[in-house]
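Below, each structure is written out as structure tokens.
Across the two complexes that follow, chain A remains constant while its partner is chain B and subsequently chain C.
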Partner chain A sequence: MKQFAILTKKETLQFIRELKIVWLPLAFIFLGITQPVVTYYLPYILEAFGGGQGIIIDSSMKDIAGNEILASTLESQFDQLGVIIIVISMMGVVQSDKANGMLGFILTRPVKVESYISSKIFSNYMFVAGSVALGYVVSYIYTNFLFTSIPFTSLIVALLFYLLWVLFVVSFTTMVSTFFNSQGVIALISIAVLLGIRMIVGLNPLLDRLNPASMSEYAKEALVFADIDMSVVWSVLITLLLSAIVMNFAKMWIANKKYNID
Partner chain B sequence: MKLEVKNVTKKFNEKIAVNDFSIAINSGECVGLIGPNGAGKTTLIKIISDIMNPTSGEVLLDGKKISDMKKQIGYLPQYPNFFQWMTATETLFFMGQLSGLDKKELKTSIPKILSKVGLSGEENSRVSTFSGGMKQRLGIAQALLHKPSLILMDEPVSALDPIGRREVLNIIDEIKKDTTILLSSHILGDVEEICERLVIVKNGKKIEDTTMIGLLNRNSQNKIRIELSNDREDWIEHIKNLDYVKDVELTGNKLKVEVENIKVNKRMLLENALKHHVDIVKFEIANDTLEEIFLKMVVEK
Partner chain C sequence: MIHLLNISNLKKSYSEKQVLKGVNLNVKKGEILGFVGANGAGKTTTLNIITGMLDYESGVVEINGLNQTAGLDYKKQYFFIPDTVNVFKNVSGLDWIHFLMNLYEIEENNKLEEYVQVFQMQESIDKPIGTYSYGMLHKMSLIAAFTINPPIIIMDEPLNGLDPNAVVVFKDLIKSYVDQGGNCNLFNTSFGYRGKNLYYGCHFKRRQNYST
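After this line comes the complex of A and B, so read on.
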């Protein structure tokens, strides 16, 4: 437990020193603003550039409900660029420790591999989840201002579902970062798999139940329909279980000393 | 602390890096692991420090598995590479806390250890601004911080300039008094200064385990090297016929004379030379230098 605290503190210090604490929240705030602002101003922008000829500007565009805007912030911004940003910011999470020998070095000390991996996932998850939540709240503020307000409960429920999906994204990227030694390969595999499983949501109900990406879909539904089937409990449990399995793979990989590069 | 390495073998795919290596090191000993590049020294040290698992064999410290005895080990990698964004003090705090030392203890011991390795004044500089030698010293500091009873050092001086080398050797010489040390090097001269016991490794195998003096004695020959100022063929012909002279090699004005018993015969030969009015420039026992012995052992099959 003590080692976990020391390693977590070190990760936090690293976020500050490497200025990640500034740019990651900013990136998500930017993504959060984009959807409501662009949707709101698009008709004006088109008009101003004189592209209006031949295009019918639907004045009902401005009547879109706030909850739909926030749902598309999650779907079109966070689930695409957002996931890519998370992966890019985390691709070196274990890989850089392997590359400069710090991982082996740390493990010559009486440190459990569990403490190492859990401190990595805990600190990164807290930080990424915080950034995502911040971007979400900013998106909500703009949506509220430019469109309609959203019930508080569906706002929170949707965020909680979405953060479960983020947990899987963080755990999965950490595992891939443990397995591979090149940042490019790590980024490519993580992005391809995560965007891939996000895309197949909705194809097959059974598959959805096993797919952690369906958490993102539930978040959307929580916003749009404000009520969710109770069977979601199973999906939540499966997502938690899959995250735990993925973390365990990373742990085993290191415990079996497969991380040595030379 | 007694370190036992038992029949350790390490294979990388089909390449054997360490081949059935065994060694026992007693408490307080200083052992130098010597071998050319690629002999398997680093792999061996990584196995002993539990960074790598051996393919077969085991490493015991005081009869217990090394993975349970990590508090007792101080490890210095070949190229210590700390977190670039940390300062020297932060690095030592981090490594020290991981070894189970508490903050209070560290607050007093870190400045002490930094001055011991010659880094006082750099406490709050980032590691990214450090030179190779400074990183090496910080590496030594972190290896000593938790007062381990066994210190493993992988090429501690190979990458340093002569001044840094000298300083690091002095530090090691000082800590040698109260710790068991195993260090590796491809330079015999460095090890010769600090370690009594030498283990020579080649192709992952231990080919020699001896002391410095043992190594010199074993390789001493009954040969005398004489350098003359002018050509004295008559005298050379004369000594060839002496009964205690077994062989004479002549190159220019230098000759190498092999005798039966160096202790007795060197005096007789010198007296003989003086009697014949030979003008001697040099008269010495032809010992191989350590470097020559090392080369011979490592290069020859």
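After this line comes the complex of A and C, so read on.
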């Protein structure tokens, strides 16, 4: 436990010194602001640029409920560009340690592989989750101001579901970063898989039960319908289990000394 | 008597090429052992096996009677200084040493300050590691190693990149540390050196490993 704390502290210090603590939250704040602002001002923006050119702007757009706007922030901003940003910020989480010898250096100290991987995932998750939550809160503030208010319970429930999806994104990217040596390959595989499983949500109910990306869909439903089917509990457990499994794969890969770069 | 380091009939192959063909060596407390040999002779491979970075096919590798199955207890028996000291460049040398001391569960003590003065790093120890020269990186590693004072300090190519004066200073510091009761040292170098003997030689030859 002590090693975990020491390594987590080191990771946190690294975020601060590399200024990741500045740009990642800013990126999510920007994403959070975009949807409500663009949706609200779209008619004016189009008019300012010479009219709709055949595009019909529904004047009732300004009457869209705030919860729908926030749901679309999650779906279009966070689930697409947001996931890409998370993957890019994390693609070197283990790969860079392999490449610069830091992984070998750390593991030749009295450090367990479990402590190394869990401190990486914990510190990165806390940081990414904090950034996502910050962007989400900023989006809520703008939505509240420009559209309608959102019930507090829906807000929190949706955020909690979404952060479960973020947990899987962080764990999966860490696992891929452990397996591969090229940041390009890590980014490509992680983005392709994560966006891919997000895209297939809704195609098959059984698959949705097993798909961690369903957490994002449940977050949206919590906002839009303020009601969630209790069977979602199984999906939550499966998402947590899959996150634990990918973390374990990463740990086993390192423990079997498959991390040396020749 | 339990030797501090006991390696017996160590064998290791890469694909079909056998690199270590039965290495045997024992090191006692207070000894300084140098691995000397040409590139590809198996020196770094042996060090990597001792530190747990590489698996091996057969043989015995023990430090203080413990092998790698002892997990963290085995890792606490040595401090490894690799040939390239890759550290987090944005932290100070002092923070880095404290980080390592915490991993080894070594409490704050006066030794750190003493070694900082011995190595003449008072001005730079609080500065970011990214500003350090190659020699200063090695000094920082040695300060950490001597402060933590594990049973064995293992160094891979410690003389690389050091100017002739620095080489002399380095050897004097190692010898002084051991003479004052520090534990044994094991280091790896591609060349022997003339003049004052520092270590017992362990000669690695390609296609034929043996110890003297």
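Just so we're on the same page, the second predicted complex is superposed on the first by the 257 of 262 C-alpha atoms of A that agree within 3 Å, B and C clash if a C-alpha of one lies under 4 Å from a C-alpha of the other, contacts with A are read in each partner's own complex, and residues count from 1 in each chain.
The definition used in the following text is that a residue touches a chain if its C-beta (ideal position, glycine included) is under 8 Å from a C-beta of that chain, and two chains touch if they have at least 3 such contacts.
Fair warning: this is a prediction, and the values are worked out from it, not measured in the lab.
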Kindly say whether there is room for both chain B and chain C on chain A in the superposition, answering fit or clash. clash
Could you say whether A:92 touches chain B, chain C, both of them, or neither, answering first, second, both or neither? neither
For A:108 in the superposed arrangement: first (chain B), second (chain C), both or neither? both
Counting only touches as set out at the top, which of chain B and chain C does A:3 meet: first, second, both, neither? both
According to the stated criteria, A:100 is in contact with first (chain B), second (chain C), both, or neither; which is it? both
Would you sort A:14 into first (chain B), second (chain C), both or neither based on which partner it touches? both
Could you list which residues of chain A make contact with chain B in one structure and with chain C in the other? 2-3, 6, 10, 13-14, 17-18, 100-102, 104-105, 107-111, 257, 260
Report the residues of chain B in contact with chain A in the complex, numbered from low to high. 46, 49-53, 70-71, 73, 75, 77, 79-83, 85-86, 90, 94-95, 97-100
Enumerate the contact residues on chain A facing chain B in the complex. 2-3, 6-7, 10, 13-14, 17-18, 100-102, 104-111, 256-257, 260
Parts of chain C lying in touch with chain A, wherever the complex brings them together: 51-55, 71-72, 75-76, 80, 82, 84, 86-88, 90-91, 95, 99-100, 102-105
Could you please specify the touching residues of chain A with respect to chain C in the complex? 2-3, 6, 10, 13-14, 17-18, 100-102, 104-105, 107-112, 257, 260
